[in-house]
Amino acid sequence: VEKVRKLTTEYLERVLTNSRPYSAQGKVADYIPELSKANPQALGITIATCDGQVIAVGECDTKFTLQSISKVISLIRALEDCGEEAVFQKVGMEPTGDPFNSIIRLEALNHHKPLNPMINAGAIAVASMIKGKNVEERFQGILSLLKTMTGNPKLTMNEEVYQSEKKTGDRNRSLAYFMKSTGIIETDVEEALDLYFRFNSINVQCSDLAKIGCFFANQGKLSNKQEELVSADHIGIAKTIMLTSGMYNASGEFAIHVGFPAKSGVSGGILASVPGQMGIGVIGPAIDEKGNSVAGVHVLKTLSKDLFLNMFRT
Amino acid sequence: VEKVRKLTTEYLERVLTNSRPYSAQGKVADYIPELSKANPQALGITIATCDGQVIAVGECDTKFTLQSISKVISLIRALEDCGEEAVFQKVGMEPTGDPFNSIIRLEALNHHKPLNPMINAGAIAVASMIKGKNVEERFQGILSLLKTMTGNPKLTMNEEVYQSEKKTGDRNRSLAYFMKSTGIIETDVEEALDLYFRFNSINVQCSDLAKIGCFFANQGKLSNKQEELVSADHIGIAKTIMLTSGMYNASGEFAIHVGFPAKSGVSGGILASVPGQMGIGVIGPAIDEKGNSVAGVHVLKTLSKDLFLNMFRT
Amino acid sequence: VEKVRKLTTEYLERVLTNSRPYSAQGKVADYIPELSKANPQALGITIATCDGQVIAVGECDTKFTLQSISKVISLIRALEDCGEEAVFQKVGMEPTGDPFNSIIRLEALNHHKPLNPMINAGAIAVASMIKGKNVEERFQGILSLLKTMTGNPKLTMNEEVYQSEKKTGDRNRSLAYFMKSTGIIETDVEEALDLYFRFNSINVQCSDLAKIGCFFANQGKLSNKQEELVSADHIGIAKTIMLTSGMYNASGEFAIHVGFPAKSGVSGGILASVPGQMGIGVIGPAIDEKGNSVAGVHVLKTLSKDLFLNMFRT
Amino acid sequence: VEKVRKLTTEYLERVLTNSRPYSAQGKVADYIPELSKANPQALGITIATCDGQVIAVGECDTKFTLQSISKVISLIRALEDCGEEAVFQKVGMEPTGDPFNSIIRLEALNHHKPLNPMINAGAIAVASMIKGKNVEERFQGILSLLKTMTGNPKLTMNEEVYQSEKKTGDRNRSLAYFMKSTGIIETDVEEALDLYFRFNSINVQCSDLAKIGCFFANQGKLSNKQEELVSADHIGIAKTIMLTSGMYNASGEFAIHVGFPAKSGVSGGILASVPGQMGIGVIGPAIDEKGNSVAGVHVLKTLSKDLFLNMFRT
């Protein structure tokens, strides 16, 4: 029996083939029309290793919006803008078994602080802290951070998704006004929401996610470069929160069965980062009821086992 | 500036000295008389490395009861007895921002499944699954597992603590009868509680915790031995759950600032494990309002930073 | 059109006939085997007016257990034993939209006080306050109060129901131990539960409920007698709480559509009292999902409208 | 001992004098600047009996805004506009022990229906159902209903209070957007909120409340007139909901100690109605922590006892 598998295109093709059937267990998100048009059978994997290798298999040219994956990027932006202390005065660090859009804990907890930056309330609070003269300038800050991490200067926002998010965002609006009423949000509510909807609507491909994951694995540096472009401390915080809270209500299960930091979005994308080793980007639009790409999770489970990537089993 | 510090007795003495004053910020637990007698200023650290080194500084001969630290051991026992699937049919894998003795989620969640094995409800459910003809036999199973992990054949239960736990355990009794009513507990409620109270009452020292942590770091093997005494998979599960949920409501914060698996108890003990490197046992009876040793957490933060032990920053 | 209908046996027979088909919309309770044996089509109505008239139609000789109807009687007993102030230090006066066996509010509310004596937690707390050397003596106190109110010296407990209640009472046990842990229950938990299960298991007939309702309508006096056998103040409290909280989660709706105090039980019995006018006892074992007799509620709605009994519409 | 007291100006002066000191136990509401300017010692009582008598004592010319008292009026308006069935499809009839501005139940309950029209969420849902071409026309509908009930053609809105309510209304905005997201609110959210804030800001005096209470006591007719101006059924519904839910989280206690329908507002006003007998208007701006006028509640307790007005003790 082959014990350690080698990371080759052939190997990754096999993982893709074995994982594809899992798409049938999920459904494409349909709360906005744009998401529902995605191909449920699509599956793409890109791996970018810390030593500069890039392997891509499957439908890697599929474009999809960041959705909740943007929560990690906006957290890092806010940490760079305001510092760890200021950010965590408004949002907690604790994982939660609550649904991503729950309002219950906001009301029940002392100080009405959202439990962490990976749930909607926390991410909206984070968006309200990002610096910039106006919404446009703040948005460009995030976009520019993303361009740095991915090395992709062409990233843009999907205007249709943004308009749909804005139109259907009443639950998020409710969360935001609640936080305004308790003092968690100190700036303009509609601007924070606008920014939050824009972040969710940025278009990416698997390769972009893989590059971001690799940037995280490199602790804020581009592969083979010495310069720390983002504070390693802030990247460390992001990776930790991804591990404890990155996969919605299945974060604990994912940590046990996969064992490295990842963040998913309802578009079916997953951004994963194996410390010191590689970044992984997966797209598989068919998601389970918790919001995670079914085939995508299967890909990461397989890679974790085959390549001994689980941080808790070495 | 010295960047990487070497793990020596002198270095550890310095960490001890710098951490001792933090005891003043905590209080000794007093819900049972036995715990309240502990010396709040006591502080002891033992480190057992995977290459066989053992260093101990401070009040390492202090005896204290496992309390919640036992939740990790009983989880492993149940996994060995019943297998992963059976255990996680009755208890979840998800971290939670709830207090350790909360009953709210039990009622609100689908299937009334306790969120994870590190909260009281989850640990009582786990205790109800452990195999054995009677309570005594089941208890001896745990004790024998602990003796294996620690290499200490003299471990015993503290009878006074056990009696006190039993007498004041009405909140836990409430959790247990709730789970009986929903079918999570299928065996005798009073027996499950009795076993749970006994686990909490086992006497240990820092060195015992360090040895267990090292056993975990070695993935179920004793240092320098080849034989896997406990399934590496089960040890991996335990370490992952320790990271996401081991430090009560401060688990997320601890993961960010320390970054390796640990489990604390209200007696002031902390069991920590750095994968592939070492086990750490700390005792510092003055705990904060969340239940964690204040000086103990400071020790682990310092070690993590000085010795580059944070799993998310390498 | 006949506007005010006269209360005659013929009229009541018509109400019975019109209400009988509603049984088909409900189901007999089945959480204990004894209840599930009841005839779902049975329907009986007895009215006892303050001027001494008694009219009975339908299956009025059906025996059934008090179940939650006993909560009103034990509240009055506790008020007589300990006084209003002492009772309401341990249990609230506020209606609640929670299910009858909810534990959530116990945990979430300040002081962990059950919201009112009509939910299980409140009734168990009330049972724990009733005076008497032992459970038997306390139980006889309640039975003797019931004999006074009904004028029926033959009331007894249904032993099978009692044993079943006791055996399946884990949810109530959970509520009770929770209250023990928070100091709401100060006496022996198992004794309070035992008493509570016994109260629920007392056998009655429609005529008994009608007499109790009439005793309430007379403010603690037997019809045509001057002597106040129970404090009019305590009877007033009981009637008010019946109006705001007597019909489980449908209390508000019942108050709007019927408009006089009533208390139901899952056996299908309803005890109703029209201040200054009459007591009504109904039995109809087919209950809706909230726990109220479907045909029984229809009977009371009809009587309220036809006889202008709604306290809020006169 | 004088048993039944006669309702005279002298008697009412004595009640006023005895109740005045209770103001010291409360505080004037200060969440908007306009309310905080009220005189905490002010106390005024007006009684309007069904036989046409009007007695006023104390500071009855004090003007104050309706605040939550408007919830009763808008409920009646919505019932007249849409009918009972349509209204209660969107809002429940059940009393609740929750705080008036709680969002928890909205999320936890099936169908996300606000429990009743007396909590903020329920009242905003009710406002969203009121008919009219635009906000102004809907507002004039309410104002005109109030003018009919009070016989006071001069009622107006307090512009400063309205502007303040609007500016500080983020918690209510949160509730409203939540209900928009779940389909409870089907019309424009900002318009529903605007209307809700306007209702709260209508200026009244004690005599206006007494007249409304008398109109309710007369079941929708003006004293000594035969014409039913508002459906007696809708007035009955309003009175029942006032009894079970009109006094915030102290509704149950008020029902026990006073025993007739009443609705309070944080401005310190109370509107009360004794079926078939009288309407009572009280103003006393010092409120307790639940939101009810302390001296005002004492006035109503005294009147209930002295004049035998408790519906459950007759």
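As written, the chain order gives the labels A, B, C and D, with residue 1 at the start of each chain.
What we mean here is this: a contact is a pair of C-beta atoms (placed from the backbone, for glycine too) under 8 Å apart; a residue touches a chain by one contact, two chains touch by 3 or more.
All figures in this text were calculated on a predicted structure; none of them were measured in a lab.
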> Shared touching chains for subunit B and subunit C?
Replying inline: none
> Can you give the whole-Å distance between the Cα centres of subunit A and subunit D?
Replying inline: 49
>> Distance between subunit C and subunit D based on Cα centroids, please, to the nearest Å.
In response: 31
> Just curious, how far off is subunit C from subunit A if you go by their C-alpha centres, in Å?
Replying inline: 55
> What are the residue numbers in subunit B that touch two or more other chains?
Replying inline: 108
>> By the document's touch definition, which label belongs to this structure's chain graph: line, ring, star, complete, or other?
In response: ring
> Can you name the residues of subunit A that touch subunit D in the complex?
Replying inline: 102-104, 106-108, 170-171, 173-178, 180-181, 189
> Which of the residues in subunit B come into contact with subunit A in the complex?
Replying inline: 92-98, 105, 109, 115-116, 219, 232-233, 236-237, 239-241, 243-245, 249-253, 255-256, 259, 261, 275-276, 310-314
